[in-house]
Amino acid sequence: MTRHMPLRAMTTALLVATAAASAMANTTEERLDRGDAVVRSLNQGQPQQVLERMRQEFPFLAEATEAYALGDVWSRPGLDNRTRQLAAVAAFAATGQTAFMKVHAGYALNIGVSEEELKEIVYLITVSAGFPRAISASQTLSELFAERRDTAPGNEAPSP
Amino acid sequence: MTRHMPLRAMTTALLVATAAASAMANTTEERLDRGDAVVRSLNQGQPQQVLERMRQEFPFLAEATEAYALGDVWSRPGLDNRTRQLAAVAAFAATGQTAFMKVHAGYALNIGVSEEELKEIVYLITVSAGFPRAISASQTLSELFAERRDTAPGNEAPSP
Amino acid sequence: MTRHMPLRAMTTALLVATAAASAMANTTEERLDRGDAVVRSLNQGQPQQVLERMRQEFPFLAEATEAYALGDVWSRPGLDNRTRQLAAVAAFAATGQTAFMKVHAGYALNIGVSEEELKEIVYLITVSAGFPRAISASQTLSELFAERRDTAPGNEAPSP
Amino acid sequence: MTRHMPLRAMTTALLVATAAASAMANTTEERLDRGDAVVRSLNQGQPQQVLERMRQEFPFLAEATEAYALGDVWSRPGLDNRTRQLAAVAAFAATGQTAFMKVHAGYALNIGVSEEELKEIVYLITVSAGFPRAISASQTLSELFAERRDTAPGNEAPSP
Amino acid sequence: MTRHMPLRAMTTALLVATAAASAMANTTEERLDRGDAVVRSLNQGQPQQVLERMRQEFPFLAEATEAYALGDVWSRPGLDNRTRQLAAVAAFAATGQTAFMKVHAGYALNIGVSEEELKEIVYLITVSAGFPRAISASQTLSELFAERRDTAPGNEAPSP
Amino acid sequence: MTRHMPLRAMTTALLVATAAASAMANTTEERLDRGDAVVRSLNQGQPQQVLERMRQEFPFLAEATEAYALGDVWSRPGLDNRTRQLAAVAAFAATGQTAFMKVHAGYALNIGVSEEELKEIVYLITVSAGFPRAISASQTLSELFAERRDTAPGNEAPSP
């Protein structure tokens, strides 16, 4: 996880800025800017691919995701980001929406949540939504963990 | 919240005991004891009414709730109790199971989560499961908050 | 359960007749007749109240329930009635539709399924859909069992 | 339905104003105003009770419902209001959220959708989500129809 | 869309015939014929592939889909076909059943609903079922739109 | 089905042993052993692949599945195995969890349930959860039936 340290420092700086902007964001443009900052703070400084792909064909959905979901809701200061991501992972696992769970579990890892903590959410889901939902979630997390290991700096294919 | 202080101290003591018992609980009897300790640590030292009512007519369900759900899952040490309760609240709100959300939101308040933090989970649900699920959850939380205010020590009816 | 014996004999006779009619029912009128026979075979010879209440304001829904759901599907001979009712109870419990679960659990009791067998379905639901769905289902079954005990012949209020 | 005529005329005027405002609403204040206009256009000129009750305890949820759900989404010009309400009724019926279905079915009646058209949505739900969801929806619509008949001008209790 | 004009004319003719048949269809054979006419009126004169594949292994399901779902429900005259398809698209999007949403969105396009109107249904789903359901629906619609562009007459591979 | 006869005999023996063990299993080790016996009795004497893959990365989930879901719930004597599997198939079909439905439908076939009986569960789902859930379930069963035919002894590729 140490490889993410500089990003996490950057994330913290962005979050501080975001929280400050939160009270005053008022126009759609300001809300979109705030949403963009939230995505980058969660996504290692990168834009979110699913969101970018919607922009051309579903412009209102892209704008609503950025201005409302990310800019208004995810930027709220009343809950720390770790708890919010873990709660989102639990909600997506319980409703069987594993593709979205994967995105938010990735964000959680990016901001310092451990793989073990994500597994605990899965164990909890056996109680609240049954074993199949939990097993599906575990399979999705296994994919995510494997993908991140494959693309981690130390695992790059050796250059010739 | 100060009125819960002694209970919270007791809770902490119970949780330490629980975590210690966790590694070694092996027989069904030990698992049931651990589940009972978990309920009391979350429920102000009281047994859980829903669970107690199931004992006679649905004995296996009561035992499974106590030994597996509470004794095995909720007693795990890998996640702090606040995060676990908030994740459970999110999962129940997202799936529209407001009666169970109410129970776990009450546990959350008992162990020191604030009303404001529970509201943030509801705000998050507008994004992950839609406005109707969030509005239903808000109505259930309002009921819970009102019930607890009514039964708080300072609000007792004046004796004649 | 002995008090249902004559009804069960009647039920069997109706089911035989139903199965015989099954292959040849072709017009909407014949399908409606078959649906009516199915309801009475499951409901102690009585019409189904929910269905009757729909007739005036939602005539197509009442007709579709009687001709398709009951006349076409529930009258099929390839599965015994006990298994079909228990499968329906499982499906309704897993999707949280407890009001409909109650109706079909009542039918199941009427045709000789035991309370213990219905409880086993609830225990199964802890695995397939989680503890809250199972606990809700157990509460609904407890209501049903109590209502039937209250109205059983031996429990009638003494006449003066 | 003739009793709603003046309201419908008012509604039309509001909708024209709303559509004109739609392109330029940009600040949160403008979006809230637009949401308020949408509610009144759907709710016979009245504020929405559920929304009003949320304002004190869940201010962000009330604001998000008014600014985003009503102000941004429901005010969009690309779909006529009748179709949008019927689609919302279908979505709520299919997901078993009958309380919200009732609100939107009431809006639909307010803007001139007939009871018969709402019943057709219920019939459709037998196919897309099963008979129990359709039957539940029919029961909720029956309640709504009865409540509106009770409060219609011609049904007022005779004054002495 | 002009390329569908002859088909739409044919569709209209079929619908008129269907509506006329509606009142008198009574035998299973007549209901199946009516269902077949409905499919062809929605599917550019072609049979429905999913339905055809079920005929051999699940004959009752194929018959019930054709006679009940299509012949009884979809052929009803009380709602115009555009509204019915948009309501079905909303119900499928809200319940996360994107494969079925795709089929009905295709039917909607075939009978003259615009891509823009389908997008409005998706925007509505952010409110009624959350952003993930809406985003999934948008991805499915993007696939559908792309497939139809690829197979449109003007986009055929040039013959040598 | 005759090819499974020896396995079914073995299954019966295992089930007798399982039922006997049921009353006294008390330690986690005994519960795991019982779960392992249940899986093998349902899965032609083999371990369950999904379960095995979870053991390394999600050890608690694997243990809970084996000790609780299989060892405690599926081993209970109060319901015959055929009914339990058919009820589980109904619950999974109704909630759209087709991957888990496939596993349990396979178990059902292994213990002597016929393909025709599984189809009847699918027909029932049209009523309780709608046509799309039933059609999805039919497609999954068709896949399962085809896979089993391909790997049946008589269908082996001829050796040279």
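Letters A, B, C, D, E and F mark the chains as written, and numbering starts fresh at 1 in each.
Rule of thumb we're sticking to: a residue touches a chain if its C-beta (ideal position, glycine included) is under 8 Å from a C-beta of that chain, and two chains touch if they have at least 3 such contacts.
Predicted, not measured: the structure shown is a model, and the values here were computed from it.
**Q** Considering only chains that satisfy the touch condition with chain B, which of them also satisfy it with chain E?
**A** A, C, D, F
**Q** Touching chain A and chain C alike: which chains?
**A** Both chain A and chain C are touched by B, D, E, F, going by the contact rule given at the top.
**Q** Can we say the copies chain A and chain F touch using the same residue numbers, with more than half in common, or are the two sides different?
**A** Both copies touch with mostly different residues.
**Q** Rotating chain A so that its CA atoms sit on those of chain D: what angle is that, to a multiple of 5 degrees?
**A** 180
**Q** Distance between chain B and chain D based on Cα centroids, please, to the nearest Å.
**A** 36
**Q** With chain centres defined as C-alpha means, what is the inter-centre distance between chain D and chain F in Å?
**A** Spacing between the chain centres: roughly 46 Å.
**Q** Could you state the distance in Å from the CA-based centre of chain B to that of chain F?
**A** Computed from C-alpha means, the inter-chain centre distance equals 34 Å.
**Q** Note the residues in chain C that touch 2 or more other chains, in rising order.
**A** Within chain C, residues 60, 64, 68-69, 73, 76, 92, 96, 100, 119, 123, 125-129, 131-133 contact more than one other chain.
**Q** With chains as vertices and touches as edges, which is it: line, ring, star, complete or other?
**A** Basically all the chains touch each other, so complete.
**Q** Okay, in this complex, where on chain B does chain D touch?
**A** The touching residues are 96, 119, 122-123, 126, 131-136, 138, 141-142, 145.
**Q** Would you tell me which residues of chain E are touching chain D in their complex?
**A** Of all residues in chain E, those touching chain D are 68-69, 73-74, 76, 78-79, 82-84, 86-95, 100, 116-117, 119-121, 123-129.
**Q** Inside the complex, what are the residues of chain C that reach chain D?
**A** These residues of chain C touch chain D: 50, 53-54, 57-58, 60-61, 64-65, 69, 92, 96-97, 99-100.
**Q** For the complex, give me every residue of chain E touching chain B.
**A** 125-133
**Q** Could you please specify the touching residues of chain A with respect to chain D in the complex?
**A** 26-29, 60, 64, 68, 72-73, 76
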